[in-house]
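Have a look at these structures, which come just after this line.
Consider the two complexes below, in which subunit A is the common component and subunit B and subunit C are the respective partners.
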Partner chain A sequence: MKQVLDRRYQTRPLQNWNKCRELRLKYYQDVASARQQGKLLIGGSAGGLSILPSGLGNAVWFGGETYGATVGADPAFSYPCMEATEAAGLGRDTCVYFRNYFGSMLLDKYYFGGSFPKADFYVQSHSCDVHSKWYQAASEHFGVPFFGIDMPPGPWGEDRTEERVNYFAGQLLDAIDWMEKVSGRKYDDEKFARAVINEWESARLWAEICVLNQTVPAPLDQKSMLVLFLPMMVLRGTDRSLEFYRELKAEVEERVRDGIAALATERYRYLHEGIPPWHFLRVFRILEEYGAVSLGSLYMFAMAGHWDVGEDGVWRPLPPFERLGVQFKNREDIARFYAETYIGNINYQGSFWSAAVKSRQVLQIYDQWHAEGVVMHLNRGCKGTGGYMLENRLELIKAGIPVVAYEGNAADRRDFDEAQVIDRLESFVESQGLTKISRE
Partner chain B sequence: MVEEKKEYWRWTEGLYLNKDIDWRKAKSITLGVDIGSVSTQAVVLTDGKIYCFASIRTGSDSPDSARKAVESALKQTDLKQENIHYTVGTGYGRVNIPFANKTVTEIACHARGANYMGGPTIRTILDMGGQDCKAIQCDERGKVVQFLMNDKCAAGTGRGMEVIANLMAVPITDIGRLSFEIDKEPPPVSSTCVVFAKTEAIGLMREGWTKNQVLAAYCSAMAHRVVTLLQRVGVNKDFTITGGIAKNIGVTRRILNELKVDMVQLQPDPQIAGGVGASLFAADLLEKQRKAAG
Partner chain C sequence: MVLKEKLVMDRFAEVVKNRHDYAREWKQRTGGRVMGYFCTYMPEEILIAAGMMPVRILGSHEPQDVTERHIYSMFCPFCRDCLAQGLKGRFEYLDGIGMAHTCLHIRQAYSSWVLHVPTKQNFSYYISMPAKPQSPRARPFLIKELEAFKKAVEEWIGRPVTNKDLDKGIEVMNTNRRLMRQIYELRKADKPLVTGTECMQMVCASQCMDKEEHNKLLAEFIKNELPKRTGRDAGTRLMIIGSEDDDTEFLAMAESLGATVVADDHCTGSRYFWNEAPKSEDRIAAIADRYIAKVPCPEKDWEERRRWTHISKLVDEYKVQGALMIQQKFCDPHEFDIPPLMKMLKEKKNVPSLFLEFDVTVPVGQFRTRVEAFLETMQLEM
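Let's turn to the complex of A and B:
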């Protein structure tokens, strides 16, 4: 029987854990049953512009990436999907979330049971190299309308020029007119405004929750956080999402106050950079056996959080909406605010556009979160978030930071060598002076 | 050219016993078992000295391979497994050793073993294993400072050399020597891919290359591949090579030529470094256990 030695901190399960899982399951059931419930089903990128159709009321957004990740976590379901996509002529180096989603669609098999949900229409921004065509291809498959929005790239506030904001906001307004036409529904600006504020608040709260993980011992571990950030990806802008993050933040604050650790044996803190291998989240548990806790990553903090990264480089959550002094007078105001938010604050896109920006971000997070090492997943399934990893590794090494990189794929188990990965990670933590805490 | 029926890849399994040691007088008897993808070693240390070992081919069943290696090592002596005080497992199959008290990664074990066998001046170790290569830097105690592993590819590994032995119908133990029986060093083959090796070898023979030239080109390509791995981690003196390929002079000499360094030859067998390291860790853990027990 295993005994746990060196238990330094108190720990307890998260009260909001089950609630998060229920929200997730309910969401995927809603996707499947939207039509029976008389709701619109609108397809597009998870997160992304998912709140844009909220003004239509009574709609469900079916986000592709989270679904692709869910499928990829189950190789038995995922392999036939990816093979179907590849047989359709799409290369194995295409986005792995896309391959899982698209194959599931081609096979007409929904992971949560039944046929693959057919959206009424698709709205999509071009925020990465694959998004631009992904949902266009899906719309062509089902013969339903598609609206593409060209989102200006750029990770930092300095890219938020007037021209860019106008360009983006103008397209959002065009998309709203288009959605009214294809859905036959009148667009309610109050609902749009509410969703925009909800999204701002939820993303800001997520950032605050991430900041709480700077505490020693860390109140949350990354494996759990990867589930906890899901409502932000699939229920963006909803009341349910905002309520969840308010409750979660209160709980995490309580854990910090009471000194409750995610890992009772915490004695080493690291960042796990890059999208994780969803089919092998055990990667985090393996290192926990050595007392190593993963605090988060640029990907996880920035994908779901709204941050103010000032000139000093410090990551701070953005202030509450009510403190911004923003008043919406009309739809144009809402669209402009939304456009400004997106162009200025999507920090995860640093990993898309610049090796130097991404290195700076990781180094900053490393310092602020009191990490002692970095584990990097060289994710072959995403060209965007997987970009510049080896350049980042060199920068970290130059800064004297212990770093190990392992090769894999976020949602394609075929690109993952379990034995080698375990070997690499265990060797890394052993080289950091750690030994397994549990023993027979 | 290719005689498929004969198993040219079969390398000689090794056995060793130090008859000068009386295990009954030993206060500490520890076992290290290193289960790799190609070979398995069982090494017994008595009071920190190598008493006996066996190095055998790994079978399809890891626990069985571990048992066979231990049986082979122990059948040279009247020492029984129940007399062993502590066992550490290492290698890819380490989690499948039913009688191991603890597991340690083979990177840590190779560094520790090389430090023991080659002395405390060893700083860089190249472990050329059955299915991967690791460039390791360690301190004077054999503790890993940093390491790099090759990517998911069998090129430049023991398994790759086994495939070439069969392809060229040359016993694996002769490859190194024959690779130098050439007039002029040929350029390295463009690919060291195990899967494409056959196609490439046939192509070279058609172009008029001799068998020894092809072997030289493969050894050279393999050496070059690991040299780039070593250069990424940095090569500090003293340098040594562990693993089965350490016995192939066709590869090792070319590595040394390219790096312009000498290597410390590990005795009695560089292939057992991981097992020795595991047994040394077992000795440490035994001491800790005894201290804790008072």
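Let's turn to the complex of A and C:
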């Protein structure tokens, strides 16, 4: 039985939406034209260490995961890419972002037109098994240098060790020396410091924006947030990124003040855990037809945001940089601060460290964001962020939280059974007492 | 377990088959602790120094349905098989469990083990073994990690682990490594005196039995049994390369087809024991040096491909003619290494390869056909 449309909240389009899309397009154009513009093109993970080369000046970072996701969202382009990777002997079941990226590279076809952009060199942190192997393979393909930085796993908070931070920070310094050699450029510590501060502020602002989504009705839905967090992935540490998140935060605050909802019919709030199927973001729209709004996820909040988790377990955005009282005296200070920020990222303390910690994180955001259920995407495309998901599911069930898991792949449409997924999700929301809302 | 009447290699096979009985008997006999560990970066020297028996968690090659709710099926079958052993209570005698960082897959198994498989003394420990041993920063970091681990072990056992204890731990492990290398040397001969299957049993036995006893058996084999052996016609000389592989049934099948596996590069083979801890006044530093210099798992082999150098050397020294590339399904680090490795072997060493993807159980009939075809093709080329 269909329910009559109940627009209980006001809604309106995001003013910053187009700006975000423009930033994205401009970014991919910059990647393609870096050479013509006399800029260095440096490859590595999206987000990741993208701010490290800032000190070289006049450089563009080509992030692998975001590109792989972009390709994967378009099956017509993606299938030949993945098949090329597989034909080269690489695993059908390994990182799906890699398979899309690497195939695009093998075919020498850039998604935004022209040849695949050849990086001058690669710099990559290694927190998942694939990270350094990816850029080792890419550097061998192009015959360009590669520097990997190991990110050692371990507990954070009181149990962390200084040696872990020192090990990582030391490698950052080694990477800087190495980049100076391979690029022939002198590294400017002031530019590095500025990027680190920009990154801190942007990530903190993202966390504040996420907190605003605790409001009922939610001012943002996850489908939109997945686009809005892109600047954090590809323009981390830049002035453009910081400016964008300042404006976005102001707009979301205004939406909260005015009671503007992402979904006018919001009546059920859920988390969508795991990287979404980029080729089928309609997954969110299907549930919206029942008045269910996705508030975010551990992946999305943590990957791009800087959080402080207190003894009470509550997630709070970290304070502005100026309030930290940090003074950089030299490169070592900057590297160490960045190392702490990087290793301390909450995402690495869950997915990349401990099942128990990750379960606590999911339970916490479930409570704090006033969710009523959890949808989990068991993403065959990423073993890093997909880690411990079934253990998390068990903990959610133990806590009496409604949870449904569906299988799929973030960027390989071949691993996705649309009809079954829709059936499963619709059955889940119906089991929550929701009925499809009539459009009439 | 009655072992005395059997030949040494048969005793190794017996221990591997009945590893849990062996460990329980060892505990009863010695009153010592047994510590389970995942992967081969665990510094067993420290555990032996503390009077414990380290045992590696290996799978059973039996289909299972107990891990589906804990680890998603895209993680490697080996890590799921390992966890299954714990969930089924087969390692109920363990006093503690540990792991030195290797890959995400096995960390899933470790993390779920800690949550769901109680150990007798509730001890668990994760060593953050660097993934970039090539970095000069790795050594000092690992030294600190090992010092912290030693301290945790001391707190657990309630007594200090002295330099004398560490000397013993290092000596026992180094002797084990030396003796196993000595036996591996026998595979270089035109008529190898040991088979690949025997060597795999020997290494697996080392990973699940008292090392001093293993050393005695190795010495006994070298002294008493080796002189009586005449060697076998090697046929095609093969090497196995790849992920964790303790599938002796598969290896025996391959060696029944007119081939001998004369060398290997995997973690129940040469990668486990190839290098020794150097002598040093600073024992912990010596242990760290050993694991830093260890022939790397592909997860730790970047930027330079140091594993290639090791494999190339083995190919030359053991006169390898063909390679079986064995990959546990879903094992990312090996998935990345295998295509360029196959290319390197073909182009630089003229060694062809056969790629085989392993699961908890393998289709022996199909694999037999594929290995036969591979060997026939090689013979035509030779």
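The criterion applied here is as follows: the second predicted complex is superposed on the first by the 426 of 440 C-alpha atoms of A that agree within 3 Å, B and C clash if a C-alpha of one lies under 4 Å from a C-alpha of the other, contacts with A are read in each partner's own complex, and residues count from 1 in each chain.
Methods note: a contact is a pair of C-beta atoms (placed from the backbone, for glycine too) under 8 Å apart; a residue touches a chain by one contact, two chains touch by 3 or more.
Quick caveat: nothing in here was measured; it's all calculated off a predicted structure.
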item: Simultaneous placement of subunit C and subunit B on subunit A, clash or fit; value: fit
item: First, second, both or neither for A:Leu90, with subunit B first and subunit C second; value: second
item: Vertex subunit A; arms to subunit B and subunit C (CA centroids, nearest 10 degrees); value: 80
item: Subunit B versus subunit C as contact partner of A:Glu254, first or second or both or neither; value: neither
item: Subunit B versus subunit C as contact partner of A:Met389, first or second or both or neither; value: second
item: First (subunit B), second (subunit C), both or neither touched by A:Glu190; value: neither
item: Subunit A residues touched - subunit C or subunit B, whichever exceeds; value: C
item: First, second, both or neither for A:Thr161, with subunit B first and subunit C second; value: second
item: Which superposed partner A:Asp239 touches (first subunit B, second subunit C, both, neither); value: neither
item: Subunit B versus subunit C as contact partner of A:Ser427, first or second or both or neither; value: first
item: First, second, both or neither for A:Asp108, with subunit B first and subunit C second; value: neither
item: Smallest separation of CA atoms, subunit C relative to subunit B, angstrom; value: 9
item: Overlapping contact positions on subunit A, where the subunit C interface meets the subunit B interface; value: none
item: Touching residues on subunit B, where the partner in the complex is subunit A; value: 92, 101-108, 132, 143-147, 149, 151-152
item: Residue numbers on subunit A that touch subunit C, as the complex places them; value: 88-91, 93-95, 126, 128-130, 132-134, 136-137, 139-140, 146-154, 161, 163-164, 166-167, 170-171, 174, 352, 354-356, 378, 380, 383-384, 386-391, 393-394
item: Subunit A-facing residues of subunit C, complex; value: 68-72, 74-75, 101, 103-105, 107-108, 111-112, 114-115, 126, 128, 130-132, 135-138, 140-141, 144-145, 148, 298-299, 302-303, 305, 329-330, 332-333, 335-340, 342, 355
item: Parts of subunit A lying in touch with subunit B, wherever the complex brings them together; value: 407, 417, 419-420, 423-424, 426-427, 430-431, 436, 439-440
